[in-house]
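There are two complexes below, and they share chain A, which is joined by chain B in the first and by chain C in the second.
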Partner chain A sequence: MALNRKIAYIDLSTGQIETKPIPVEMRKKFLGGRGLDMYLMYNHIKPGIDALSPDNVVFVSAGILGATLASASSRTHIGGKSTLTGFVGSANMGGFFAPELRWAGFDHLVLKGKAERPVYIWIHNGEVEIRDAGNIWGQTVHDTQQIIREELGDRDIKVLTIGPAGEKLVRFANVMTGLKDAGGRSGMGALLGSKNLKAIAVRGTMDIKIEHPAEALEYNKKIITQVTSAKVSQTQGKLGTPFIWGATNSQGLIRVRNFQLNQLENADEVEPEALEELAVGMAGCFGCQVHCRSKYIIPEGPYAGVYDEGPEYTSQGAFAGEPGCRNANTVLVGNHLVNIYGLDNLETGSMIAWAMELYEKGILTSKDTDGLDLRFGNDDALIEMVHRIAKRQGLGDILAEGPLRAADKIGKDSIKYLVHVKGMSNLHSDERATPALALGIATGSRGADHLRSRPAIDLYHLPESVLRSIYSQPVPYDGPLSSDYRDYEGKPWQVVWQEHTYEAVDCLGICKYHTIFLGATLPNYEEWSRLLYLNAGLEMTPLDIWTAAERAYNIERLFNIREGLTREHDWLVDRYFDEPTRLGIPGVRGRTIDREKFKKMVDEYYEHHGWDEQGVPRPETLQRLGIDNEPSHML
Partner chain B sequence: MAKVLVIDYEKCTGCRLCELVCSVKHEGVSNPARSRIKIVKWEMEGRYVPMSCQQCESAPCQAVCPVKALSRDETLNRVIVDYDACIGCRMCVAVCPFGAVGFDVLGKRIIKCDLCDGVPLCADFCEVGAIQYVDASQQSTTKQVTAADKLSEIMQKVAQAISSV
Partner chain C sequence: MNDETTTESLAKGRTYGVFRCLNCFERVSAPTGSKEMTCPHCGFAWRIAWVAPDFPRIRGPVWDVNRQLAEKSDAEEAKKGKK
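Then we have the complex of A and B:
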């Protein structure tokens, strides 16, 4: 059955491997994927440890519906204490790794300790083996996967790996699979690197029983129609995620020149339609009919002729908007470099854009940059800095430490120009005109991030009645809701709702583009309840799923509080409150976030969660969720 | 006229949903190892080629079978397996030039595409149309039109080039 996949506990220091089944009651409480990882994390990571020490633990998982007919059941979750923020580390990626892990008999991997020398893990039909990685240490993300396939003699092996950036402990290094599937944010790549763990290779031919096959097939067809009939999915299937960058840039919701502007003007060459012309086709992750991944060949320069996938809208942000560049080739090359080095494109772009602003202000000089002319709009300097970060050379070595540590090293007024939450750089978007989105990044459990809680449909001016039909299920809500994305009222509930919803999605192991993220008509709790029953035989109501997600999100909160998180961490940098937006459509221009109103939003957000005014879950909240005795060490 | 599966690998996005629905339909499980169709990938080059039974008119599997377990079903234009007669010798697996007859290790029997008795799910679920189930006579017609379109484009360009000389 779909629920018989196991947990493997792998001690890299001793070589000991133990496997355990996952009791159904734990499934009902935390489902799988990110949710169960968070439970394991709270139970297995001791408080206050150094994130780069052998005491930290890596968690790798598939969702409870991974590899089933849940439509795009492809996602892999990677957890651990963040090497960047010291709070929750959590990364999620598409591709084909998680389904293969399930076919190989496992849902969760818990990797402890530190290997004496570089190793990789080989998992095959219930067997786990630790193998020497001497010959792949130092190899790129792409080459590592090919070398392992050749070494083990099976071209269908799926590999999760770090690139050179993870080995060099760049605090925003990714875990990667395939060409561009990126477990990004929070530096999980550095965590693997600190353990001398280069990669995990999986291959499986074990059955995952589908409980009600005929109905599951029929229902999958219905979901596919529901997803692919949405205009947003069709646009994404044609333009990839760059369409989001294009749509938001046209309004003035994009971070440009670090945080100086909110729109990239004269950006024709990096608009989604321009990038589409350079694409040679589209590809999909496992089981997905949206196929949002562009395939491309770099047209010019030293990398001309190289094949890669992407770029995502995050790469447009990193290699166009934030550094103020306007060259499609730069976006494609930058995207390729973060793919092969295994770097978080958002953090990389943000760090370089910040350094460019410091260079402009004279806080960094050409002496600091070893002669590199690090001004905004200098494509060559931008690309060169990517290499230097990945290799930790010169200024790159400082930037590789992430925002707060780098600001500490550079000193002067550098911190004033930093755009971060909880020590993680903000993504490429500008939220000064959108309080709901601003609250989402300020409170997200892993730092400034759009994939934890962003109520993206808030940008669509949906009628209040539509918003109400969405946001009052599966728990009732009769408070205010507003169709105007510039409003503050009612938005905290939307953020809480999306937080639980994305947590649920990450527990199920499906893609957010198949759920209520960018499209208001896409599947949510009702559909997931049906999918769980038909595929896994698990009977859970929409409310049960919501509660499991809420439980997991509260565990994340508990983890963060245990690591020293306070109310001050759920906040934005001063620039959001003090520097008005200068560009964009009339409704977006001249906007800042209002401090007092934002404070009230945070209060409301805590209240909806059942947390006190300091953001600590109230005892009755933990009791209601049955997590008042954590860590309970059930697994 | 019976229909055939037509595969256009240029349209394939490599998602492998066909493998999933095939194994669920035939075995009630998610397991590509038991699927009758397989996407062969050159992942690092972005090439994905769906491989399945061609339902050959003169089928090597049928010819090699020592117990006549494989036969032609003219109504659905397919080669079918009589599992009561099959002795599991895997000669058919050995001779198929496309690798389209597989041996299911778990089910301990050979497996091959049966066109889902006339509603092949791989085609049904493939939104991008990389796998289509069409009238046998249309297979070449569509290709003819595409090729002719390319040819006529070239001829127009040539004509323009000549007239501008």
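Then we have the complex of A and C:
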């Protein structure tokens, strides 16, 4: 059955390996993927540890629907205490790793301790081995995968790996699978590096029994039609996620030159259609029909002829909007470099853009940059800084520490120009005209980002009736909702709803692009309930799924509070409140976030969650969710 | 379980062949294959791309036109004391 996959506990210090089944009761409580990882994390990581010490623990998992007949059931989750923020570390990536992990017999890996020398883990059909990685330490993300496949003699092996950035403990290093499937945003690559763990290779041929195969197949056909007939899916299948950057830049909802502007004017060369002209095709992850991943060959310069995949929306932000560059080749090169080094593109671009603003303001000088002219719009300096961060050279060594530590080292007024939440740089969007999106990044459990809470459909001016049909299920909601993205009213509920919804998606292990993220008509709770039953034999109502997600989200909150999170961390930097937007359509010009209204939004957000005015889950909330006695050490 | 789900019901309301103006959010119909379009409701001008022959989308602003319109709007708002 689909639920018989196990947890493997691997101690890298001692070499001890233990496997355990996952009780169905735990499945019903946390499903799998991110949800169960968060439970394990709260139970296995001791409070207050140094995130780069052997005491930290890594959790790798597939979702409960991984590798089933649910479309796009491809997602791999990785968790641990964040090396960047010290709060929840959590990242999610597409590709083919998680299905292979399930075929190899496992749903969750718990990795403890620290290996004496570089190692990788080899998992195949129920067996787990720790192997020497001396020959791959120092290799790029792409080369590592190839070397492991050759060493083990199987080209179908799937590899999750870190690149040189993770080995150098860059605090925003990614773990990667494939060429560009990136687990970013909280420094999980540095966590693997700190354990001398270069990679995890998996190969499996153990069937996953689908509970109701004929019906599951038929139902998935219906889901595929629902997904592929959506305009957003067709657009993504042609342009990839850069289409989002194009639409939001057209309005003035993009972060440019760190946070000084909100639109990259005359950006024709880095618009999605311009990038599409350079693509040589599109690719998809396991079980996906959307195929949003561009394949490209770098057209010119020192990297001409190199093949890679992407760029995503975030690489447009990192290598165009944020540094104020307008060159498609630069976007492709930057994207390639973060892929091979295993760097978070978003954090890399943000850190460099911040340094550029400091340079132009005289806080950093050419002495600090070793002669590099780090002005906005300097493509060569931008690319050079990516190398320096990955290799921890000069200023790159400071930026590799992430926003708050770097600001501490640089001193002066540098912190004033940081754009971060909880010590993680903000997404490349500008939320000063969109209070709902601003609240989402302020309160996100892993720091500022868009994949945990963003009510993206808030940007579509959907009629209130449509919003109500979405946001009043599976729990009733009769409060205000507004079609205007500039409004404050009703938005906190949308953020809470999306938080639980994305948590649910990450527990199921399916791609957000097949769910209600960018498209209002894509599957959500009702469809997931059916998918769970047909594929895994688990009878859970839409409300049950919501509650499991809410439970996991509260565990994340408990983890963060245990690590020192307070209400002050659910807040934005002053620039959001004090510096008005200057460009874009009339509706977004001259906008700031109103402090008092935003404070009320946070209050309302807490209230919807059942948390007190300090953001701490109330005892009755934990009791209702059955997590009032955590950590319970059930697994 | 054969009942129509909420999202299936919402999908029936999808519109094809038109796009929303990114300034006023009214639905706009563009002549097939056109590369630029001025919104008949608000006057903002957009460059158009085609995802499919019957599926237009906004590629980006006609930069100088929209900037002038936005600055004019700024000036009017400033006169009214709103910004």
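By our rule, the second predicted complex is superposed on the first by the 635 of 635 C-alpha atoms of A that agree within 3 Å, B and C clash if a C-alpha of one lies under 4 Å from a C-alpha of the other, contacts with A are read in each partner's own complex, and residues count from 1 in each chain.
Throughout what follows, a residue touches a chain if its C-beta (ideal position, glycine included) is under 8 Å from a C-beta of that chain, and two chains touch if they have at least 3 such contacts.
The shown structure was predicted, so the numbers you read here are calculated from the model rather than taken from an experiment.
Engineer: First (chain B), second (chain C), both or neither: which does A:162 touch?
Structural biologist: Neither partner.
Engineer: Once the structures are superposed on A, label A:283 by its partner contacts, choosing first (chain B), second (chain C), both or neither.
Structural biologist: first
Engineer: Thinking of the overlay built on chain A, is A:98 touched by chain B (first), by chain C (second), by both, or by neither?
Structural biologist: neither
Engineer: Is A:461 touching anything from chain B or chain C once the two structures are fitted on A? First, second, both or neither.
Structural biologist: In the superposed model, A:461 contacts chain C only, not chain B.
Engineer: Is A:65 in contact with chain B, with chain C, with both, or with neither (first, second, both, neither)?
Structural biologist: In the superposition, A:65 touches no partner, neither chain B nor chain C.
Engineer: What part of chain A is shared between its chain B contacts and its chain C contacts?
Structural biologist: none
Engineer: Can you name the residues of chain A that touch chain B in the complex?
Structural biologist: Contacts found on chain A: 2, 67-69, 96, 99, 102-103, 142, 145-146, 155-156, 178-179, 205-210, 213, 216-217, 220-221, 224, 228, 280-289, 291, 295, 307, 309.
Engineer: Any idea which chain B residues touch chain A in the complex?
Structural biologist: 10, 13-17, 20-21, 24-25, 27-34, 41, 43-46, 48, 105-106, 121, 124-125, 127-128
Engineer: Can you tell me which positions in chain C touch chain A when the two form their complex?
Structural biologist: Residues 1, 5-11, 13-14, 16, 20, 22-23, 25, 44, 46, 49, 51-52, 55, 57-61, 63, 66-67, 69-70, 73-74, 77, 83 of chain C touch chain A in their complex.
Engineer: Where on chain A is chain C touching in the complex?
Structural biologist: 226, 229-231, 234-235, 238-239, 243, 246-247, 249-251, 265-268, 271-273, 460-461, 466, 469-470, 473, 516, 520-524, 526-527, 530, 583-587, 589-590
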